[in-house]
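First the structure, in the form of structure tokens, and then the observations on it.
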Amino acid sequence: MSEKDFAVPQKRHMGLKASKIISNTSIHILLAVISVIWLIPFVCILLQSFRVESTYQVGYVIPKQWGFDNYANLLKTDFPRWYLNTLIVALCAAVFQTFIVLCMSYALSRFRFKMRKPLMRFMLILGMFPGMLTMIILYRVLADLGMTQANAVPGLILVYIASSGMGYYVSKGFFDTIPKSLDEAARVDGATRLQVLFKIILPLSKPIVIYTILTAFMGPWGDYVFAQYVSFGTSAGKNVAVGMYGWLTNDQINKFYTSFCAGGVMVALPVTVLFMFLQKYYVEGVTGGAVKG
Amino acid sequence: MTKYSDLEYLRLSKGDKFLYRLKCFFSGIPLFFKNLILAIASAFKKLGLAVAHEAADLVNTFKNGSVPTRVSYAVMGFGSFCRGQWLRGLLFLLMEIIFIGYMILAGGYWLGMLPSLGLQGPEQVATTVTSLRGGTNTVYTTVYHDNSFRILLYGVLTLFFIVAFIYTWRVNIRQNKINDQIIRSGKKIKSAGDDMRSLVDNSFHKTLLALPLTGILIFTVMPIIFMILVAFTNYDGTHNGFSNNLFHWMGLNNFNEMLNWSSGATSYAATFGEVLVWTLIWAFFATFTNYFLGMLVAMAINKKGIHFKKGWRTILVLTIAIPQFISLLYVSKMFARSGIVNNFLMDMGWIDQAHLIKFWEDPTLARITVIIINIWIGIPYLMLITTGILMNIPADLYESAKIDGASAWQQYTKITLPYMLFVMGPYLLTSFTGNMNNFNVIYLLTGGAPTNNASSAPGTVGYTDLLITWLFKITQGAESKYYLASVVGILVFVVVAVISLVVYNLLPSIKNEEDFQ
Amino acid sequence: MASVKLTGVKKIYDNKVVAVHDFDLEIADKEFVVFVGPSGCGKSTTLRMIAGLEEISEGTLEIDGEVVNDLQPKDRNIAMVFQNYALYPHMTVYDNIAFSLRLQHRPEDEVYEKVTNAAEILGITEYLMRKPRALSGGQRQRVAIGRAMVRNAKVFLMDEPLSNLDAKLRNQMRAEIILLRQKLNTTFIYVTHDQTEAMTLGDRIVIMQDGFIEQVGTPTEVFEMPSNLFVAEFIGAPKMNIIKTRLECKNGAYYVTPFGVRIPVTGEKAEALKEKGIGTQDILLGVRPEHITLADPDCESAIPCTLEVNEMMGSELHLHVYTADESRLIVRVPTIDLSAATRRELVYGKALQITFDSKVMHFFDPETKKNLLL
């Protein structure tokens, strides 16, 4: 036994501590870098939205001349109209879609009827068809009903909510985690199934209700494809996504690049604020339901 | 091949074990398909038996039925009325009246036209008008006759309606049979009030599902059936069935047009193949890069001794809040030839004006850029999901592994990873198929660019185009070959379904549900 | 305050699995009946059918003479206590207990009176304003019972109410349920897998296995005269020793020959055997551990064996022994019967002699597993 043998454990002990400090520091640095990468585009949008000296795409980020001109310019375009369209559609879709999704997922989570399994399997298969395909016919049907182009708003609402029952997975996954014996106890206590839903299940489902509302709102808020189809060529029927997409085409970009940035900030702002407050519920919904399916 | 017993298997070397498992997997494939075919056959057999059983039941019910029951075969709801169930009776009768009325007034026409999709299209009719001054003018007006689009649409709807009617009729008979039985056994029949009450209680699911399912039926099922049928017609911009020519049934022609390989590299099939391969590569990378990197970030944030956990998470979560069309369009411009990225690199002196990086112009670079930007989009979301599951891994698993002498890396590969893969297997599958159809990222970032000039297929297909964006492009413009889009759509479905079916049957979390519980 | 009658009740699941076969039972008004059996025997399913939470596939269920097969749980006038308590997590204890009364739109004064009254009886008055998650297991159990109490239901159903509690609390709650039963004076149906609970609580015990009723009887009946091997082994702890042996009948005198030792069968048992006309045959001989005694080596009917494990339970010793042919038996000896010196000697490998009297023997048919004396 030499001194060296004794020294080894101590050295290793020191090494352990040191390596821990090194690894934790490097993780902190990594996270900081990640955060910067993730925030850069948004910071760029924000900064460029205040650029006054030119409206076209430039290679630098920090404006040479600051001002709210781009925001003021938004008012001169159809942007307010688009914004209103989007807001109406998203709010209506959020309300109705939440209602439908909750109905669907509660029924599939709590009732054991003969067609339950086949129904769920059928919807799984339906989901494998590219949804894009159905747009062609839905557009024609909406056109027949007079709900396209300038009148796109009611048409969009209808389409967003109509098939929303297919998105029942997350909330069903959540309902499945509420013990069934609560339902049973309530039914023995004299509640009908309707009362069970309103007095027991819904009060316990706050996170998932908020999550559903949030996602139902965000879908139409940023949807491009279908809105583009339905509002086809008419500025009055566009939503923000379709309208602002037009600003970035090759012949428009030099005129509207900074307007796009300002508009982007206006569109992102309400959702970001909502998220700030409801983040907890969103996280709960995603982590609780997304995987269980 | 030789089968080993458990104890024999344990004696094999590592390589042999792997080979053995590989052999087992491949030798299992024929069995899988055999079982699949058998399952399909037995499903058909069951269907046949069910039909025969239904028919026999109908005959028997009529033979043994009371008078109201027998009348109900012709007048729906009669039996229900006779037994005081006026609500059901009314609904049945209403259904019958509407059905007969509809069939006479409209349904017959649509159904009759369905085989031909219309006989006479719109035409220009010349009428000679004598003007006040005595001269004559020829005025052309368009006269609309049959409309193929409507015929197909309403034809399908009528078929739906007929099926629904037959089902209702069958329910009507079955209820009469049940009522007969109840009367015979001397019990009380449910009244209309009972029916209403049960709709908020025992049969509450019917109330709950009625609206969502109607929506899905009309806005998803019906359009899908319609679009499947369109794949067998020549519906396109020049045959749209109303403002110009009618369209007609084409049989399997369109599939031939899309999949025929005879003209080699310029055939549509070549384009389809290229796009499909890229779609699969994209889906693979988009799914797994996000998954592993997302998990990594989640583990980094959740590691003991890391500060501001909530802060890091909030920063990432907030990026989810910003609508994709803004972030994607903006990022797409950042990477453009004159965008911020190139400018930044130039300012740094790493490149010069002559060597700007062509992020969106070089096919391979464009594809890589798209995948990398998708990581930027996907990590926050995956970070959230994996955080939830990482927290659920029992801490004692790690403690026992540490005592057994596992290093941090071994803990990750032997505990974390198997657990995560097991729990998230189904999620990865849906995320893979979801990425195959990830329209937003591709369309908003590149719009499919750079264009593939070698392809002769419609829709100006590009190197970053997925099947889904290509499908969308086909339907755009004056040419808009809807029928080809439908064919592509059906093929996408087939690919997704096959992948899902195979993976689903291999997934451990489906096979051994209890393993980790 | 009602009778319950089950006639030919059956539960068949969608996958054709039969969970309960032809269940016939009449439960008298104010009777306390316990369903007991191993897990998966169908006892909970039967209870849930009575509650209306599972559909009855076949047969009829009557409460107070009225067929209730098609009634919803809420219309059956029953109260139920669940295994995991099933307290509504978002309501206070008070609201939990008041829930059923409020659904009936009773005036708040009456609700208040009933809830506080029940809380008083159960000793949970000070927790009325708490949420369930702030309560301990025993307190939650009391709230669940309170919720059932206030309903004045005709039948009181309890589905393994004590199985989530630790052993000490379980004993305490068991005693409280007996008291509660005196206070409520209504019909009780109680499901458990624990035979001790069944024996101590029930007026009558229904022992079930694989969806069949094995025996129905008072605790004394099922203990002293188990109808078959399953019941014999299920009731009593540690479980009954079963010895494969032969019953000999010579000149009207019976004896058994466990492990080659001749033990005469006399008294009541011999008479009962004679009455049944049972002759010489192979049997399964059942003897409860507490009925085996340690014998002197010179005793005529002493069975030699070797000690394997000695479990000191406090008031008694459980001795696990094996005989010459490797059969394992358990012997239960009151600690007080043995001197300290003898107890010290009871270690692994110690040779012992055991014996038992014919009064305590149970005879089972090796084929049908039925009790030969029934």
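The first chain written gets the first letter, and so on, giving A, B and C; residue counts start at 1 in each chain.
Just so we're on the same page, a residue touches a chain if its C-beta (ideal position, glycine included) is under 8 Å from a C-beta of that chain, and two chains touch if they have at least 3 such contacts.
For clarity, every value in this text was computed on a predicted model and none was experimentally measured.
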item	value
Inter-chain pair with the most contacting C-beta pairs	A-B
Centroid-based (C-alpha) most distant chain relative to subunit A	C
Approximate Å spacing (C-alpha centroids) for the pair subunit A, subunit B	20
Between subunit C and subunit B, distance of the C-alpha-averaged centres to the nearest whole Å	54
Centroid spacing, where centroids are CA-atom means, of subunit A and subunit C in whole angstrom	55
Subunit A, residues touching no fewer than two other chains	192
Shared interface positions of subunit C, touching two or more other chains	72
Where subunit B touches two or more other chains at once, by residue number	201-202
Residue ranges of subunit A in contact with subunit C within the complex	179, 181-182, 184-192, 195, 199-200, 203-204
Subunit B residues touching subunit A - in the complex, by the definition given at the top	149, 153, 197, 200-202, 204-205, 208-209, 211-213, 215-216, 218-221, 223-224, 226-227, 230, 297, 300-301, 303, 305-307, 312-327, 329-331, 333-334, 336, 338-340, 342-344, 346-347, 376, 379-381, 384-385, 387-389, 423-424, 426-427, 430, 433, 437, 439-440, 443-444, 467-468, 471-472, 475, 482, 485-486, 489, 492-493, 496-497, 500
Of all residues in subunit A, those that touch subunit B in their complex	20, 24, 27-28, 30-31, 34-35, 37-39, 41-42, 44-45, 57-61, 100-101, 103-104, 106-107, 110-111, 113, 119, 123, 125-126, 128-138, 140-141, 159, 161-166, 168, 192-194, 197, 218, 221-222, 224-225, 241, 244-245, 248, 253, 257, 260-261, 264, 267-268, 271-272, 274-276, 279, 282-283, 286-288, 290-291, 293
Residues of subunit C that touch subunit A when the two form their complex	51-53, 72-74, 78-80, 82-84, 86-90, 99-100, 103-104, 147, 151
